[in-house]
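Shared between the two complexes below is chain A, which pairs with chain B and chain C, respectively.
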Partner chain A sequence: MPELGRAALIVCLGLAVYGVAAGTAGPWSRRRRLAESAENAILASFGATVVAAVVLLAALVRKDFSFVYVWEHTSVELPRSYTLSSFWGGQEGSLLLWLLILTGFSSVAVLLARRSARSLLAWTVPVLAGVIGFFSFMLVLVSSPFATQRAPAEGLGLNPSLQNPYMLAHPPMLYLGFVGLTIPFAFAMGALLARRSDELWIVVTRRWTLVAWAFLGFGQLLGAHWAYVEVGWGGYFAWDPVENAALMPWLAATAFLHSVMIQEKRGMLKIWNVLLVIGAFALALFGTFLTRSGILSSIHSFPESTIGPWFLGFIGVVVLASTALVLSRLPLLRARTRLESPISREASFLYNNLLLVAFCLTILWGVAYPILTEAVRGEPITVGPPYYNFFLKAFGLPLLLLMGIGPLIAWRRASLRGLGRTFAWPLAVAVGSGGALLALGAGSSILGLVGYTFCAFVLASIGFEFARGTQARRALAGGSWVLAFAQLVGRNRRRYGGYVVHAAIVLLAIGVIGSSAYDTTGEQRLRPGQSLAVGGYTLTYRGTTSERGANAVELRALVDVERNGEHLGVMRPGKNEYIAEQQVSNEAAIRPDRLNGEDLFLIAEQLRPGGPVFLKVLVKPLVNLIWVAGFVFLAGSLIALWPDAREQRRLAVRYGRAEALSRA
Partner chain B sequence: MLAIFLVYTAIAGGTPQLRPSQLAGRTDEVSLVGKAVGPVTGDARRAGLRFRLRDVKGTAWVRVVYRGTVPDMFRAGRDVSLKGRLRGDTFVGIPGTLVTKCPSKYTAKKAS
Partner chain C sequence: MSLELLLGALLAVAAVVFVAAPFLRAVDPPRAAEPSEEQLVAAEERDRVLAELKELEFDHRTGKITDEDYRALVQPLRRRAADVLENGKPLPEQAPEPAREQHFSQSSLPSSRAHL
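Right, the complex of A and B next:
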């Protein structure tokens, strides 16, 4: 069986090499059959990767410890459902998952573009094949998941932190996001290689970028929720290099999603957009490199391995080659129009882009700082959360404000009187909310108050935009308000889907501000019968219980919770002792309050059966809005992604024109 | 301009990351990275947890005392980092800064 897996990967590598060669020679010599065979090589590489993945999966399910990878990442006692997490629990499996998604996405992209953007596909194929080639090369020669040994009786087990439903979903989602960014990159390069100056590549890849970006965003929120619920330190994001690794490409992709609209509508920012898509892809590769190379000290660090230099080399090649390509095609990328006024829709998009990219670069600087200082001063210097939090506020608050301004301001040039009319109500709502919050005591954090006032402003301007649109639609087509609203959204999915995503970001901001600027904490050693009061709650420690779970001993502290004399129930913070893995994992207890979105978060330290406990208590207002934001984000992304027959017809006309132009 | 801003903030807000062998003579706040060496004694919630920290690749070591939350994975043999200052011959950790790196996929067990 391992031979089959190895053979499949070698076949995949061969197909990729062929894809690069035939995919370059085909369009070069204008031999259509050759170019088509390169496309088919990409489709076949997906088949080969599926075979390799099935071989590994079968070995994991059978717990065949003669596979070194299976032995390293499973145990006899490991529940079957988590053998799936073992697939990406280690480096070799992760790379295989990456290749599987990459070949799958590339195949779908090739099949779709064959119908709609044939002329663009020719030079895109060798780029896709090149990336596939790199990953299959790594899997064949550097980091094989199919190494074998004489089978031991027991495996080493899966890291307990990964034995969790979140880890079934979080890593693959991030990979879907990382890998998805390959497709817009490949099409952008394909367009440049073919010397095209039109926007076809943007139109073809809009949904790919959205899908990748949505997976990356939702995947990060899942990871944050996992950290909050399972790691149990009371936080959800710690600016760890590995977390930053996923955030950076997401920020670059967010900037890209906004700036391509300017290129579509006004023919500006062409060079900028190509650079952003290169940056997003390079950052996705850099993210994998950071996670997998062990170069930085991170709590997530995986074993130091040999793949680091290869990845760094590949990133270097990607950045240098694509930058050289952009430079050689500069005349094609000249803007059709200029910015007419600093107060206009396109200008506000430009500010949004500058802030997003500046924030992304700030994070990159923070991540790379220890490496740079070690090279220069011989001693690595790390920057911690204060550095990132400072810039989150410095760039995040203006971004939040722009989210309320940008969508309402006119294209090209906005008049001051028009601005007054547009923003009178949102401003009134913002000032009113700010005053009300101040009266309620939110003044304890000035930045929190400013943030909440901005949030109110954005929500109001989104609300008014929906209201105005619905009213106009109803005046035009008649019918009920509900019908008019549904038609409004259905006819402008990109726009209103985007607004829903904006609302999600506001919810996220409300949750983050609430749980970081307005939280209360307390900690104390308690003997059975003793109490502790924090943030309106009274907590009484009653004693311990111990149970034998599937593969762990579960020790829990019993804590009675009261508020205003009312008994709210018993919470059970504690720890699990995993037997095969010989590890302890802290199990926090969380009580969400559905009425006000607040969490009571308990951590039991130094717990021994029947003994005292060191209880840490965190009261986190509004933290649950962060998780609600995840679903709103998903809903907005789906609305923006949903196929639209009218849009398709419009695009068909444009495609037709673009195809005709490219032939001329 | 952005670069100047970044350099400034990073220098003002950065913490040097050192190995135990580089610690001699340093009295500023640093982040210390090394391998925890037993015996681990004391109580992190009272007088403090006591252990030694050794260079991951080397033999130099320093005594460490730490109060505060101890991560799940902490034990002798694990790679850890913590912030603090050298006082006399003991490195005094700052509460809440002790971080355990993910175990290198149980390579320690492979040897046993």
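Right, the complex of A and C next:
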């Protein structure tokens, strides 16, 4: 059915072109029907993309090798469960997934805004249609997933690294994040095109931004866990260009989520917020460009292709056009108020923004530098982890500290007496924790000790925020502590959901610091029967086993693990030899200790059946808190996202649609 | 014509009909009037001032603001809130000043405590 897939994408492209033309002409000439037909074009583009996606999925499930894409990314022996991940395992399929999510999100945004922000929607539609148009153009004319050939008997198979359950969730989550950032961008541009000075676009896109940001954040953690268990080098984040590509828009979106609160509460930072939305969207496109163009070498990226210049051109158009629009609307974006004091909640948000953006820009520079040096000198100069780690410490530690300081300071301004009262307990907890950790030997890493002291401060600050808030609520409304706590959180979900997310970041920091500043490593060539002692563990190599899996030969080293004379079990690091793909993948063995969050991580290299092994051993304290942080992050995001009926009623009154809301 | 091409053509026709639907109806359904941009900005300012009052009250109750700071900050905010509520237009924001005289009774404002 390749013709149907092609036809569906051509229809989608036609609808997008119409959406741009009618979506611009409609509000320009104040012709309501024209504007509504442009909205319908967005909805119809989703239907057309669904048809194209179903055609490709059906071909993948049937292993129809007459589709070049199916032949390149599946094989007869590929397990059915990984057929789905081969949908986005290649360039053309991943672009189709982009378009599918984009048209889906755009359609939902159009349907919701029809009820709540009709006047803003009119100018938003051509922006959405423009982005849809670019991706459908790429799929129709540059990188089609529906190219055909005479069907070979066997496919080339899927990259072994992608044959992992995490690959079923990690890429779609990142795409949901990347694509989700289109919606706030489109509404911000729509507001500027309509010359609006109100903040309706922020209200309409508040949840979209949070959803995109949460998907992007959780998707990155899933990717980190995939790298940890599958890639087998013992780490979870390597400052790979494609990992950075996902981190940069997340940092920009994080900055926006904080600074937009200042605009909502104090009417400030309007220009800054629009620029952050543009930046986050442009960085999401840049991330897609990095992965799809093959311009940089990465485990995640696709082979070099012709789509790079198109992406670069589109990013250039987006950045130039949106910046020009912002400049032309500067009078509308002037703030009505000023920062009253450098010691206030809004000031702490501003410092947080500056650090986040500075960190984001240093990463961008590190990613762009090899590309620029290759363009200028003819050979790339790679920027390695030491560069990024330096800036992670330089910006990350102050950011961590600010997470604890911000909630303790009042809006507008704070006096020294007030600060002393709110800071006393968190500071005491931090100093006490730092002292205790020093006594326990954590002073072996000064930065680690400082980081943990900051973590204690932030956790104490969050704990006291919840405690003081609950106390105040109970004093006002009475009832039990539990009821007061529930009411406190329920009445201000964004704030307390945000605090839970902050707690997740602290858990992440504890895990990262523990596993990087206090880890133990060892490596040795072992013959059967020989032992190696690392970090309190004794590891004895017993020999090898070999099994035929579904689509690979699985060779494993058998390693006995003991600690303090107690036998803890047998670990099996090794490698898989994939038959159809003719590739070998490293298969690490990991033994988590649920009591202290520590992992024993084994890598078996130079392994031959019955022969010796070169065993690498890593003991990573507290690393499992990183994965726990993912679930806490998700819980905090859900609390912040959960609809608040009181808030909805207030907004309905504000935007004059109480009647419409009561009918809905 | 193959089945695939026929399905593709049907998809295109369906898309055209769906997009043209607004032009095909005889009468446009009534649409609720939306507030003007000026009204929206005023409503946003009203909500912002009331939210600031709530925040101030909350910060005071949780001990982040001393009694002196609270008194100095609450007066100009109340003036702004009263102006927004009575006239629908906000006054330009002023820096907080020491309390001198209350121009209106506290009961004339919506209770911010109820939202705590």
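Here is the rule we go by: the second predicted complex is superposed on the first by the 648 of 664 C-alpha atoms of A that agree within 3 Å, B and C clash if a C-alpha of one lies under 4 Å from a C-alpha of the other, contacts with A are read in each partner's own complex, and residues count from 1 in each chain.
Quick note on the criterion: a residue touches a chain if its C-beta (ideal position, glycine included) is under 8 Å from a C-beta of that chain, and two chains touch if they have at least 3 such contacts.
Small disclaimer: the values here were computed from a predicted structure and weren't measured.
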Combined model on chain A where chain B meets chain C, clash or fit: fit
First, second, both or neither for A:390, with chain B first and chain C second: first
Chain B versus chain C as contact partner of A:358, first or second or both or neither: first
Which superposed partner A:200 touches (first chain B, second chain C, both, neither): second
Which superposed partner A:151 touches (first chain B, second chain C, both, neither): neither
Partner chain(s) touched by A:438 [first = chain B, second = chain C, both, neither]: neither
Partner chain(s) touched by A:650 [first = chain B, second = chain C, both, neither]: second
Contacts of A:36 with chain B and chain C, given as first, second, both or neither: second
Angle at chain A between chain B and chain C, C-alpha centres, nearest 10 degrees: 150
Residues of chain A touched, compared between chain B and chain C (which is higher): C
Which superposed partner A:72 touches (first chain B, second chain C, both, neither): first
CA minimum distance (chain B, chain C), superposed complexes, angstrom: 29
Contacting residues of chain C [partner chain A, same complex]: 2, 4-5, 7-9, 11-12, 14-15, 18-23, 28, 31-35, 37, 39-41, 43-48, 51-52, 55-56, 58-59, 61-66, 68-69, 73, 90, 92-93, 95-96, 113, 115-116
Interface residues, chain A side, partner chain C - complex: 1-4, 6-8, 11, 14-15, 18, 32-34, 36-37, 40-41, 43-44, 47-48, 51, 118-119, 196-200, 264-267, 336-337, 340, 408-415, 417-418, 421-422, 465, 468-469, 471-473, 475-476, 491, 650, 653-657, 659-660
Partner chain A, residues of chain B touching it in the complex: 2, 6, 9-11, 13-18, 22, 31, 33, 43-45, 69-70, 72-73, 81, 99-107, 109-110
Touching residues on chain A, where the partner in the complex is chain B: 72-73, 90, 156-157, 159, 161, 233, 297-304, 358, 361-362, 365-366, 369-370, 373, 379-384, 386-387, 390-391, 525, 575, 581-586, 603, 605-606, 614, 616
